[in-house]
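Below: the structure, in structure tokens.
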């Protein structure tokens, strides 16, 4: 679809508005978010790297400037802010020249926010290659040679997901992973210690930072998910009980 | 306005280009005068406008419009400019390649001066880069048998082989991962193990032969290949779709927060 | 003989040799990280960087920017260079915020495109999930709706299963309240199990694609390279060589036993 | 005993790698490569076969290959199987590529197969080589093949080639074959299959196949090979032993190895657990 049809023009702004309102409304309240096991493990992994005095790897995947990669960067900033307190080194490999300056800024900002600007080493945010497997071989090399103790894999991953996680496994790193690429989740499950699934990835920044605005956003997302669920159940009942009305309704959503 | 943007040649071109740069420098100097506490809002404004363009182009009701290059097309008043804007963004983004190259050169030239084994590898890196750039550019500007042969050696011989080899290493890793991870330690791990094995048996000749003995027409649904197809098309599709709904809404929320400057607690907060 | 004519005569033999050496060089990492792997890793990285620079120039900057700008006289494309130059200000303390402006432009653009991405990815999935749960006969097309296919009993059963899986998995992804209610707890838990079902299936079906890649590499080494380098008996010679190498690795691996520190800590 | 069970659970990964390497190389040995385990022919493969069978002998077809070394494992086997059928049916074909590597890879494959089927380049087939910008190329091609293609990869004007006799525009093309790991096959649908009703058969990688099933359902694609499995099925229909059949044995061997390893690991784990429990009970008994 290149342009919105009528159903999209009505429903999508409504969904967006719900999320915006809950964000704005949340600025004061104390909100709940359920436990996400994989994310609680991040601090444990940072602790392990600190104890062993070895660096951590924070990969943001292969993505360019797009929403999943920006979310990955925001999770990465949290990890770095937490590790900066313990003086633990974090290596951030980057695969896309366009996201590279953004990553550099985000990492430096994380150190500044913790009052440790001197700890920022520009060479630790490393552009490697925009070619999938050249990048994979270079990240493998880093994992082996730097003897990485903790590896965080958040972002867009394709087939190279298993190369990163198996190499990490071989060097004995504790690994936490999360991606919006559902097809790579099974490989992370097979070789990482903790994996977050599906939109736990998008809930991560709220969970980790407990910022009221982000928690508000989670509430809004839940409401929209609830509406979507209701829409699907309603549509299913419609096509089951009255196929003709049901077909008309799907045609309305589909547009022409 | 349109009359201003006409191609120029020779001296006229020089003057205009110098003029553009002078204008830009002036503009930057003026922007630099923005007090520190307001810079954040300038950045947010730029972000808002850029996002607004794409959002409006998508949501605005469509009618038949005529674009400069596309001919008759379906869209709204913003659609005709899409192609040009995406070209401009592509060009600007292409300049970031230099940042990546600077970073790589910094890291490797430092290693080069340190000496030792790492220096050798960094030398290999520089030589390979140089060779590929020269051959890659010459192949386009001076197409002849020498450049095309050299390109074939570097590209088909080395680069794509290295790609394919690194890719195929996953086959080894998949074996060690499945050997290690698929243990009946918990309900979850057991489910993982059983579906993986059934699907694997359904896709190889030997596996299909195992259940070929079942002839009864009602029990034929138990053939491994039938079970595999059922899992992949029905059960798999339902779960992947459900996960997709959550991801879609999550992505939308992140986009809204970045676009409207509502993100907090990370770089996108944008303190300027 | 000049380089040019030498290459003309031999390029078809050089390519498989280079390929075979590169293949074995990278595979050496499977035994352990070593100097040979490091060499090929850096060669790979260098070639990829060179290729990135060459294609960015050849396919983007030359046709879209330099030719219209310089050769066709479209002087206003100088603005693109100025905008691109802003990126490089991230290295300056004083002007750093201007780099953020150009980054902000791209952040906004990708955020704005997310509406369309959402609609393309998610929207069709909504109405495609409306699946009839009760069987019915086919309905002919009429004004206002197209023909509707018949739903058999087994279709209906499959649709019910589909719906149950969809709802259970969706219920797992609610974050903002404690799932205390035992029904919700049950659906969320079964949602997780159902996802494992899916992940197992994805794992199992991907294995084939990955093995196909390895088989292709072997095919290249044995048939393409083998025949080219050693003639008709080449495949056999390479096979014996590979098996000998594998045997050696196997022997060394078994001799060392499971005491490799990084390996397989279950 | 417990130690052995433990070792079985934690076999060095390099041993696993070596076993895998054995399982994918041994089936290449002549002794093993003649073993044929029959597979079930899926409907999409059968449809593809029937489509090619229905094309009259000596018709002219376009044989589009858009893959490179990265997906050769799947697409290479598909290309070989389909080319065999085309040659067996005595169809005239032109290779057309939108990937630079595909042109050379397909050329090599055709040269290898042509002796077996009595084909010769220029006479029964030709290579149009690597082209860019599908949309523009296809639009122009539909109207005038000679002026759009101009020359083959050897630089010969195509109107001089016997294989091109009587072929001037899209109307003279009787079938489209596309072997493609990306979704650019849709250009074939948009610009040739749709407007000129030329049947299109398609061979994607297993990863891309699910998407293409929609086009198969709607009849825009007349038949499809699903990844390597599709190629294996196709060789079985053609009753030839080619690349795919050899690959099939490798695949079976490697899959069985993986399943065997999974089972071994589990048995060892369960036995070890039981032994540990018995040990603990004995120990406990001693204390009390």
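First chain written, first letter: the chains are A, B, C and D, and each begins at residue 1.
Just so we're on the same page, contacts are C-beta pairs under 8 Å (C-beta built on N, C-alpha and C of every residue); 3 or more make two chains touch, one makes a residue touch a chain.
Bear in mind the structure is a predicted one, so any value in this text is a computation, not a measurement.
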item	value
Separation of chain D from chain A in steps, with touching chains one step apart	2
Centrality ranking, top chain (CA atoms only)	C
Geometric centre distance via CA averages, chain B-chain A, whole Å	16
Distance from chain D to chain B - Cα centre to Cα centre, in angstrom	26
Distance between the centres, which are taken as Cα means, of chain D and chain C, whole angstrom	19
Touching two or more other chains - residue numbers and ranges from chain A	2, 4, 8, 12, 16, 67, 70, 97-98, 101-102, 105, 128, 130-131, 133-134, 137, 159, 169-170, 182, 186-187, 189-190, 197-199, 203, 221, 225, 228
Per-residue overlap in chain D, given as positions that touch at least 2 other chains	11, 13, 17, 19-20, 24, 72, 229, 251, 254-255, 258
Multi-chain contact sites of chain B, meaning residues that touch two or more partners	58-59, 93, 96-100, 104, 156, 161-164, 166-167, 169-172, 174, 176, 178, 180, 182-183, 192-193, 196-197, 200, 203-204, 240, 243-246, 249, 251-252, 254-256, 258, 268
Chain-to-chain touches, reported pairwise for every pair that qualifies	A-B, A-C, B-C, B-D, C-D
Touch list for chain C against partner chain D, complex	30-31, 205, 207-209, 211-216, 218-220, 222, 235, 239, 242-243, 246-247, 249-250, 252-254, 256-258, 260, 263-266
Complex contacts: residues of chain B adjacent to chain D	156, 160-161, 163-164, 167, 171-172, 174-176, 178-180, 182-185, 193, 196-197, 200-201, 203-209, 223, 225
In the complex, chain C residues that touch chain B	3-4, 7-8, 11, 14-19, 22-23, 26-27, 29-30, 35, 38-58, 60-62, 64-65, 72-85, 87-88, 90, 95, 97-98, 100-102, 104-119, 121-122, 125, 129, 158, 161-163, 165-170, 173, 191-208, 210-211, 213-214, 216-217, 220, 264, 266
Sites on chain D touched by chain C in the complex	7, 9-15, 17-22, 24-25, 28-29, 72-74, 76, 205-207, 227-229, 243, 247, 250-251, 254-255, 258
Of chain A, residues touching chain B in the complex	2-4, 8-9, 12-13, 15-16, 19-20, 23-24, 67-68, 70-71, 73-74, 77-78, 94, 97-98, 100-102, 105-106, 109-110, 122-123, 125-128, 130-134, 136-137, 159, 162-163, 165-166, 169, 180, 182, 186-187, 189-191, 197-199, 201-203, 205, 209, 211, 213-214, 217, 220-221, 224-225, 228
